[in-house]
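Structures follow.
Here subunit A shows up in two complexes: once beside subunit B, once beside subunit C.
Right after this comes the complex of A and B.
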């Protein structure tokens, strides 16, 4: 029975309950489409950074007189870097927004509406990441294709790569949400985000594929969820294999499960904190 | 222990609930971190944090009938917003009980949210860069309205609030008054039985303020929506409400009719005049000149001694009036007077 006492079928209730979040995502997409030129300008950074790394890697490959560095050819290395950079550049600084919501009391006002604040934030984050990934990805592909020859991408693997990207953004969402929610206990979460971002650049595999690192660093990276955000999907683009896709997906799902519980716990404790300290 | 509310039942029981809000001994204490002065204080706060308890709301009790329009007023920090947050389920109280439409707000927040609406004058629910039509569509989905129902309800509100021309303009391009009309209409989409209005006229000019007041009145008359209004503007209260609850330092200091408030505490009106020419020896029977500078004159009128209408008539007939503004005494003054009167009464009783 619904709130007005009318019989509602299970699937209808499900559609009503969850459809609101897709609407949030759609509206956020509309909101950002109004600033599509801003996104394109931001992509300019991608062009510059890809060009710089292309020059660096050319020198490395030439000086070593090798075809492969850690199993990557020069074009593969550049395409990997472009895609890793695309992923990182497409993730907005969610923790700053949550931090602001907590401090300015906006979170309190979101609580008296029939939706989950966390799911609402997920819908806005995901839609923004999707749009940014498309824009950055197109620009990045164009630059990489012009700079070096195109790498053979598995067409069949592309939909599965999209799934990996969706799971990657979900892990990133959980981590950024958790950092943002720390605002309930900390004066400023920017420092935590700053450190997190730098660790993601290195141990997430944005600057270099993890195979390039020494064994100890690789083991540290293996123990963290960061490689499932950047390294995993970026490697899939240049070296797609069903076994590695499945391994990546399994790892992503496990981390999502654990991190979702962390976010739920932090959120619940945070709302209690709101009760103690006031809105 | 608080009494069991025998006249209440959950909405699912099918019994008509007469009271929209019932509050009994409600209180809220916050913990605030304290920091001593200077660098030493900052270092101390890291290693030996100290907390202070602040009683934001202190043992308040009141009831609001269905369809009533109640003004809940008080100065900044009086406990108005904390009370609203408890009544909408955002905050858990430290003690006491409250029921809104038969539901305990902090326990049944999700279900209650379908039956209540809220407008916070300083917090917008409209998406800033998009036209209001988009936020309306989103709210329709959030409140789980069927598509046909949403369309007819939206069209009705658009007509009632005369916002048809504003629906496709990005919110950032609307004036504050236009935005507020859209805010209130948006908060009525799901037909709330109670609406909490927190400073809905803040920052608005005279015309926009009057429009919002008319719309709130319409909402109460035509839709029988219970209105719980907080405002700093005593004009809002005089125009809209029959009953007023005054809160200060977390305690209710007055719960009476607005006519009593007007009779006892809003007797003085200030008139600000702007004249076309300089007038020397300005004089108006029944009004006291508080200040005269250049083309401006400020007058004080005791409405229990002379009718405001007569004073205004005299001014318009005898002076080149360009602009006039009539205002109530500030809320702080009203509250001080309530305290003085309460003090006097208690002395008399003792």
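Right after this comes the complex of A and C.
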């Protein structure tokens, strides 16, 4: 076969390989679109929490008699919080599903199928996150705009923000997958997820931008992947700069590389010790 | 034996049985309880960071926030820990699992509620006691007030959950709606009451009854603590009665699906 033939074959295989996962994603998306009202109900929490934080920050800015906290104005702070909350609320509890698959043995059925279990989960996770982010984002933007009567968002940065969000959900997927896979060795991973979620709230910068924390805590957050999930994209929304976008993207890609290797390792180790009784 | 004593004994026996069942998987029990303590501790850590940067929030200090968390976690842990099914009521109604309870000679609502224990909520009880210990407000009087207010908070949590989930009798499976309503109650309860003014404050003493919980430190440390507890007790009684009435009104509309299920 000549070089052109080999190239065509390679592209065909690649299309076949990734095409099936994009079909899985599309199917999952269609499935979730059937329950769009359920998604809207869940957005109600976003409305409540944005309202509460609006009250909290109003009181803080007024009591401190300042225009800026860290380097955020009040509208920027509220939009930052709204978007950080949108990101977190748009991520389903994947680790619970994986935990269930491992314990109930459903994972065994995926082993003889012509797809990778991990990639299958990624396709379903990503499609659900995209839909949830759009719904939550629209509701959140409306609430934040009405609350502070300002939209401190850089429009030119939005397409690049979409890339950051895609990388953010990939990091989150790897971490949740790793927690779920711990079910091979632990009886229940719910507690691990609970604690992880709270650490993400704090060190990921969901509740407060990292600049508000003491220096020691900022350094701890810098050493972890969590700020690339929430803080990075949320800050970009209100303070877009090319240099910070590139810095964020580089960090996200490096963490994805490391975490993907961790997930692959955990999955291989787990599957080796899988025992299936009956069917 | 009086009716109240019988109900108390029934509650106690169920609690013991549920606890023994949970303790069967001891490692899992410890992980769940400890996990919840850690989970709550991280919330308090967040607030420590916040108060470290902004020492006064709407006139509240960090000590008052610790007392709020003591009441919130103790109330939630006692209510949801013992009556674990109150947050799953819609599912039980919608899937026809009420049939089992209807056939037995016990109070249906109480029986459904206590049939399941929420193990992780017991971690909230442990955390509530720890955080109270660290609040710097420990005294005999304050401890009595803390327990009185926490028990009333537990009544509010359970009653509100029953009310919200009973909507399933009237509008079909209201699991998502009831879940959101209960989440709203917990969320509003976990922030200093002083933050909310006007309509939000009215809402917190009516439709989303988080007001008494988020003002709990006033009840423990304030000058008119007895008035506070009395008002909270009246409110809890009314809410509890309303939940019972709505549940039994709804129960009249319940239609069995003849589901055959086994309880293990």
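Brief remarks on what is shown
One rule holds for everything that comes next: the second predicted complex is superposed on the first by the 265 of 279 C-alpha atoms of A that agree within 3 Å, B and C clash if a C-alpha of one lies under 4 Å from a C-alpha of the other, contacts with A are read in each partner's own complex, and residues count from 1 in each chain.
Everything that follows uses one rule, which is that a residue touches a chain if its C-beta (ideal position, glycine included) is under 8 Å from a C-beta of that chain, and two chains touch if they have at least 3 such contacts.
Source: prediction; values computed, not measured.
In the superposed model, A:243 makes contact with neither subunit B nor subunit C. By the touch criterion stated above, A:214 is placed in contact with subunit C alone, subunit B being left untouched.
In the superposed pair of complexes, A:64 makes contact with subunit C only, with no contact to subunit B. In the superposition on chain A, A:27 makes contact with subunit B only, while subunit C stays out of contact range.
Residue contacts after overlaying the shared chain place A:55 against subunit C, while subunit B stays out of touching range. After overlaying the two complexes on the shared chain, residue contacts for A:19 are found with subunit B alone; subunit C is out of touch. Of the two partner chains, subunit B is the only one that A:108 touches; subunit C does not reach it. Of the two partner chains, subunit B is the only one that A:274 touches; subunit C does not reach it.
On the subunit A side of its complex with subunit B, the touching residues are 2-3, 5, 16-17, 19-20, 23-24, 27, 30-31, 34-35, 106, 108-109, 111-115, 274-279.
If you check the complex, the residues on subunit C that touch subunit A are 25, 27-28, 31-32, 34-36, 38-39, 42-43, 45-46, 49-50, 52-54, 56-58, 120, 176-177, 180, 183-184, 187-188, 191, 195-197, 200. Those residues of subunit B whose C-beta lies close enough to touch subunit A in the complex are 12, 30-32, 56, 81-82, 85, 88-92, 109-111, 113-114, 116, 118, 120, 123, 125, 127, 129-130, 134-135, 137-138, 141-144.
Residue ranges of subunit A in contact with subunit C, taken from their complex: 38, 41-42, 44-45, 48-49, 51-52, 55-56, 59-60, 63-64, 186-188, 190-192, 194-195, 198-199, 201-202, 207-208, 212-214, 217.
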